[in-house]
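The same chain A turns up in both complexes below, where it pairs with chain B and then with chain C.
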Partner chain A sequence: MRLPLAMLRYLAKRIMLLFTTLVVAVYLTIIIANAGGLIDDILRAQLRYEITSNLARSPGWAQLTEEEQRKIISDRLQAAIQAKGLDRPFLERTFRYLIDALTLSLGRALFITSASGSKAVSDIVIERLPQTVLLFTTGTILYSLIGLLIGLYMARRPGGFFDKVFSVFAVVTQVIPPWFFGILFIMVFAYYLGITPFGGMVSVPPPKDPLIYALDVIYHMALPLFTWIFSLFGAWAYIARNLIIQIAEEDFVNTAKAKGLPDNIVMRRHVLRPSLPPIVTVISLSLIASWQGAIITETVFNWPGLGTLFYQAINSLDAPVVIGLTVIYAYLLVATVLILDLIYSILDPRIRAGRI
Partner chain B sequence: MSMPRGLRDVVDAVLHSKTGVVGLSILIAIIVLSILAIIYVPFDIAREWNNPSFWQRNPRLASPSWTNIFVGGKLPETMILSNDSFRKYSYYLETIGLKYCILETEFQYLYEDFPSELRLSLYVDTDGAFITVRWIQPNGIDITIWRGLFKRGLNTIYISRQLDVREYIRDSLKRLNLTTPSVVNPEVILFTDNSVTHSELTPVNGGYRVRVEAVSSDLYADIEAELIVYGKVYGLVGTDNNRRDLFVGLVWGAPIALAFGLIAAIATSFIQTLIGSLSAWYGRLVDEVIQRITDIYMIIPFLPILITISVIYRIDIWTLLIVVVGLSLFGGATKTARSMTFQIMTEQYIEAAASYGASRKRILFLYILPRLMPYTMANIVLSVPGYVFLEAALSVLGLGDPMMPTWGKIISDAYSGGAVVHGLWWWILLPSALIILTAISFAFIGLALDKVVNPRLRER
Partner chain C sequence: MEDLLKIRNLKLYYRTRRGIVRAVDNVNFDLHRGETLAIVGESGCGKSSTAIAIVRILPRNIDTYEGEIILDGVDIMKMDDERFREEVAWRRISMVFQGAMNALNPVIKIGFQVAEPLIVHGKLSRGEAFDKARELLSLVGLPSFLAERYPHELSGGMKQRVIIAMALALNPEVVILDEPTSALDVITQANIMNLLKRLKREEGLSYIFITHDLALASELADTIIVMYGGKIVEYGTAEQVYLDPKHPYSQKLLASIPTLRTDKKLEFIPCAPPFLVAPPPGCRFHPRCLYAMPVCREKEPIIREIEKDRYVACWLYGG
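Moving on, here comes the complex of A and B:
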């Protein structure tokens, strides 16, 4: 497909905005975390740890007196602090941290280690990312599709029995967050009915055979996935219904009907097609909300993704991990919006024409 | 698009739709509950929420009393036999120089299940006393449950938990030539008929006597006693694993949840609407700046930042409220208010006001903002549940308010206390039901308002 100039310009503008958002979000996090000098303290402690553990391994260290050892440590610490710029004024330091965070050098965790044994925050976080993406992208794709279909069905006869009942269902599920349904569903399906596990991603110990492993993951994924879809598809159907009803009232739809086009062609060409761009906009907003909702949903289901990591970091007061996760979430949200912007620019003909 | 004229339309819309009336009635019920909470359950009790010793006399993890109706059998209530219910004899034998204090109480046990725990507290008012505690069952079997020396002060025998109590019981049953199962909890064995062997243990109903005998060399020795037979049901909504009466937490959770949700919703909706209309009304650079900030605000990872703040600064619920409002100064409502203001600006009465010399500020505040109020109201109503659940979500993550009992905190305690995996339904379902009802009431009112604010959505 040929990319028209107008579309590129639109995308460039969006990328600028998204990059600014990323910088603002990360910088805000840093300012918040460092207002009490927290990041400074963490970095100093880490430098001291690295220096002492390096020195302790060097030959002849044990022969030195305690006085000499202390002097060497403090000298090296001073040098390291200067090299890292920890003695610079507050504002300058925060900018250094900003660049570190943006390049994903997120420092070392205080307590949490990754499964591979690394203490680097970026390793820990990257290791958890696939699980979160697996569960929530599957869930989001499924609930959007189901919601869209039901929305279409509702819009066919607005005010009918199904439409009314489903609207109430949609509004009720919309105000109750997925994690809350999660707790209730675990009680019903895992405790009372005993047909699903209580949480986690694989059985303990994990099965060896890759096929059985995959089936085991699906078995564990069923309830969180069901919860996610159940709590979100209603609201989604309601939004789609409203958009379709609004567009179905437009004059061009009436004209199409008047000139005798069959109903399903009118629906496809004149109603669905123009309703796609606003639907993408709504998806992008609801995805932002749901990525964040995933934090608590994962915690409730003990799903080993970013959300559970957040929970662990909070409970062990592992500040570098908390800050690192916030940075990762900023990236995640910005990336999501960027992908949807791309889709949007393909779907909306006004962008190609340079009208937006 | 025709916009609602004012707040009258909003009220009418709620009262003329079925969902609106249902939502409003639920909301009123919850508000009445909050008011009753403040009147009947003094704040002093709610403040003791995190003080375990305050709740000592309640059973652990007891289900609500009304479960008796469904269970069929009769589950025991807690019985507290205070010092007044003990008869007291004391005499001093001058020949050997010993003072005898004997306390005895009798209670009727008429339940079909065993109590959950037993506890005997003795206050000894002398430097040392040798104490024997005897338990006499309705059929006359006399079991010594404790024997030993107590020092001055409050001494508590945790009959169900102390291993020495089990030894004493086994010994006295052996002396009476009665068989005992190897490991049985005292609260069970003390209430069974031990003269026969059973396949299934059931409590013996009837009068039980507890006798405390103290011997001391002090003429002025005195002793006070309190026996607690902890039940398996308690109050209207049961207790949690810290023996706390959940009723207090649930009832006080209502005003806290409503206040948090409403204040956050009102503040953010008003601020966002105001900023949105400012953006449209002053236009140009102001508009551009506000719109870009809004775009950024809408993508920022709000919850992770909120979590970072809570982790680092350990804030209480009202500081949290301020932070939440600060993080939602711009948002969806800014965009909507802006586009609505653009629409209103083209109307003739604005032009008329400008032509008679009204200042721009006056037009904005007196002629434009009032027109946005119905929309703001709807927005407030629809965003309350989100904030109520936000507080609950932070509690589940362990970042809730450390002092106040909130619904979210109770749910989170229940979740981490294993209510879900052990089926302690009252602990988790009752607060959940309240929080869901609150959310639904606002959602229903919001659904009714949706039709005022978005007239095109009205069913044809």
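Moving on, here comes the complex of A and C:
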């Protein structure tokens, strides 16, 4: 029973560490998203402006003396500030925000509303998340698989014709951002050829039949998905190729060959198997990144995902939405890293023993 | 003694950016059954290349790979890769690689790595092969429960024992030891050398022992080959080479071995070993040789038998 205990201890250690990471990350986000308390001043000024302009429009306001006006404004402002909790010191509030964030009570957005009209941050995020996952996570899974297969093929004959041509392709697609390909492909496939829509997720008005609705989404998704895969699989294939070539030069691979093992066993057991941990890491990290969406690519394709939401939230200084998104993202990251640790400890005995 | 392995005109040239490296250039020698042949020389003299040429673990940048490797009367160079893999690799010639620390796959259990050739070549089931692997581990003096462990859980000396056990799995006739102890401390080194001696006696193995360490080679070797610049410069029994080295290079090499608590001045050979893309004309050792004569710069000495079973390639002995 030596092994499971070591593994439990290892996992417990990891959970502690990851939880600390989560707390620190969320706390920093709270401070940054509130601009270190600066947003409070903006909020106060905004409250004052709203109250003043509301009162100014109310009948009989002009009859009051200036003294009375000032008193009413300051009373109302005080009440509003207290209602919003802005009277407490910023530092104290950050800790309250932290606990709220960690318990996933994400509060209400300042300005942004969800499509269904809700102002709750969780509603806004949950409405967008599936759309991002649908496009970007699918894309990431597909390009990881395609890239891995091509990387394997490239590693067979390093320096060969295919390897050279594809290495150039990888560098080119890596340098050019996905949204550029997006614009290019929209021009070719939507404008000239007319075989795909220009953007969006469903036709307007959306079809009623769920099956037709699904087909319609796929029809709209095809071009952004293709763009995403096209611009990212090359670089990943190149990474996979390098990893595999590096492992293939290890002494134990030579030993395996000298043992007279057939090529496919050498490849599978002595090259691929030891290169799995880094490959799994890269794929998982891309998966996490995919949940964030892609701000510009989403904008180009008019895709209603988390990327655009993040952009809106930052632009309008909507701190609760920024914090909410970051908290959810941090939770997803921590969960993925934990799952990754588990997979790692299965794949690599050295990690199980806590050596690395 | 019966000839087990005959190497004739073996050449292994690598293609590099700077030109063709003649790492093994016309090498000839015989290995008798039950004999230990040590190949010694400086780094880059072609000793490891000779080994990989015999077991056919070639890097990708091969330019020339030719000659005859006759194992028990059959030229194994004529076999295609598939036949070589099935009939010769590990079954008849196995190898203990240099850099023992990396010679085991870090993510596979020791037992399986030792058992692997038995499963592939010996057609044993996993269970049977694992049992055999445990026996092999005890044979090299390791507790058999180590079969369930991973390489990182073992010390350097233990790993080297595992690699030796692995090399013995299919009862090969020839075991090539490429610097088998170079990464180990002296005590562990002595242990491994004793183990190799015991295995040779008990299992009737023939070794090709590749090392830069002449003192270590004297522990095990019956015959010594001194290589320089991809060629054999001296070839004789251990007594002959150690007690009366003929080639100036062998003499220098022996004079550079430190001895304990004596006031001997350690000698070294000035300049670096030759650059094998463009080796010096004539004798490859002449730029560093104290006895260099005009002829050494022009003509390459041919290796010739100066006494019975004693070969030297040097103009001092008539070229």
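To be clear about the criterion, the second predicted complex is superposed on the first by the 202 of 356 C-alpha atoms of A that agree within 3 Å, B and C clash if a C-alpha of one lies under 4 Å from a C-alpha of the other, contacts with A are read in each partner's own complex, and residues count from 1 in each chain.
Definition applied: a residue touches a chain if its C-beta (ideal position, glycine included) is under 8 Å from a C-beta of that chain, and two chains touch if they have at least 3 such contacts.
Please read all numbers here as calculations on a predicted model, not as lab measurements.
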| item | value |
| --- | --- |
| Touched partner set for A:L215, first chain B, second chain C, both or neither | neither |
| Touching partner for A:A330 - first (chain B), second (chain C), both, neither | first |
| Partner chain in contact with A:T255 - chain B first, chain C second, else both or neither | second |
| Partner chain in contact with A:L347 - chain B first, chain C second, else both or neither | second |
| Partner chain(s) touched by A:L285 [first = chain B, second = chain C, both, neither] | first |
| First (chain B), second (chain C), both or neither touched by A:L8 | neither |
| Touched partner set for A:W179, first chain B, second chain C, both or neither | first |
| Contact residues of chain A, present in both the chain B and the chain C interface | 158 |
| Residue numbers on chain A that touch chain B, as the complex places them | 17-18, 20-21, 24-25, 28-29, 32-33, 36, 38, 158-159, 163-164, 167-168, 171-172, 174-177, 179-180, 183-184, 186-187, 190-192, 198, 242, 245-246, 249, 285, 288, 291-293, 295-296, 299-300, 310-311, 313-315, 317, 319, 322-323, 325-326, 329-330, 332-334, 337 |
| Residues of chain B that touch chain A when the two form their complex | 19, 292, 295-296, 298-305, 307-309, 311-313, 332, 382, 385-386, 389, 392-393, 396-399, 411, 415, 420-421, 423, 425, 428-429, 432, 435-436, 439-440, 442-444, 446-447, 454, 456-457, 459-460 |
| Parts of chain C lying in touch with chain A, wherever the complex brings them together | 55, 57, 60, 85-86, 88-91, 94-95, 97-99, 102-108, 116-117, 120-121, 150, 152-153, 163, 166 |
| In the complex with chain C, residue positions of chain A that touch it | 158, 250-252, 254-262, 265, 269-270, 273-274, 347-350, 353, 355 |
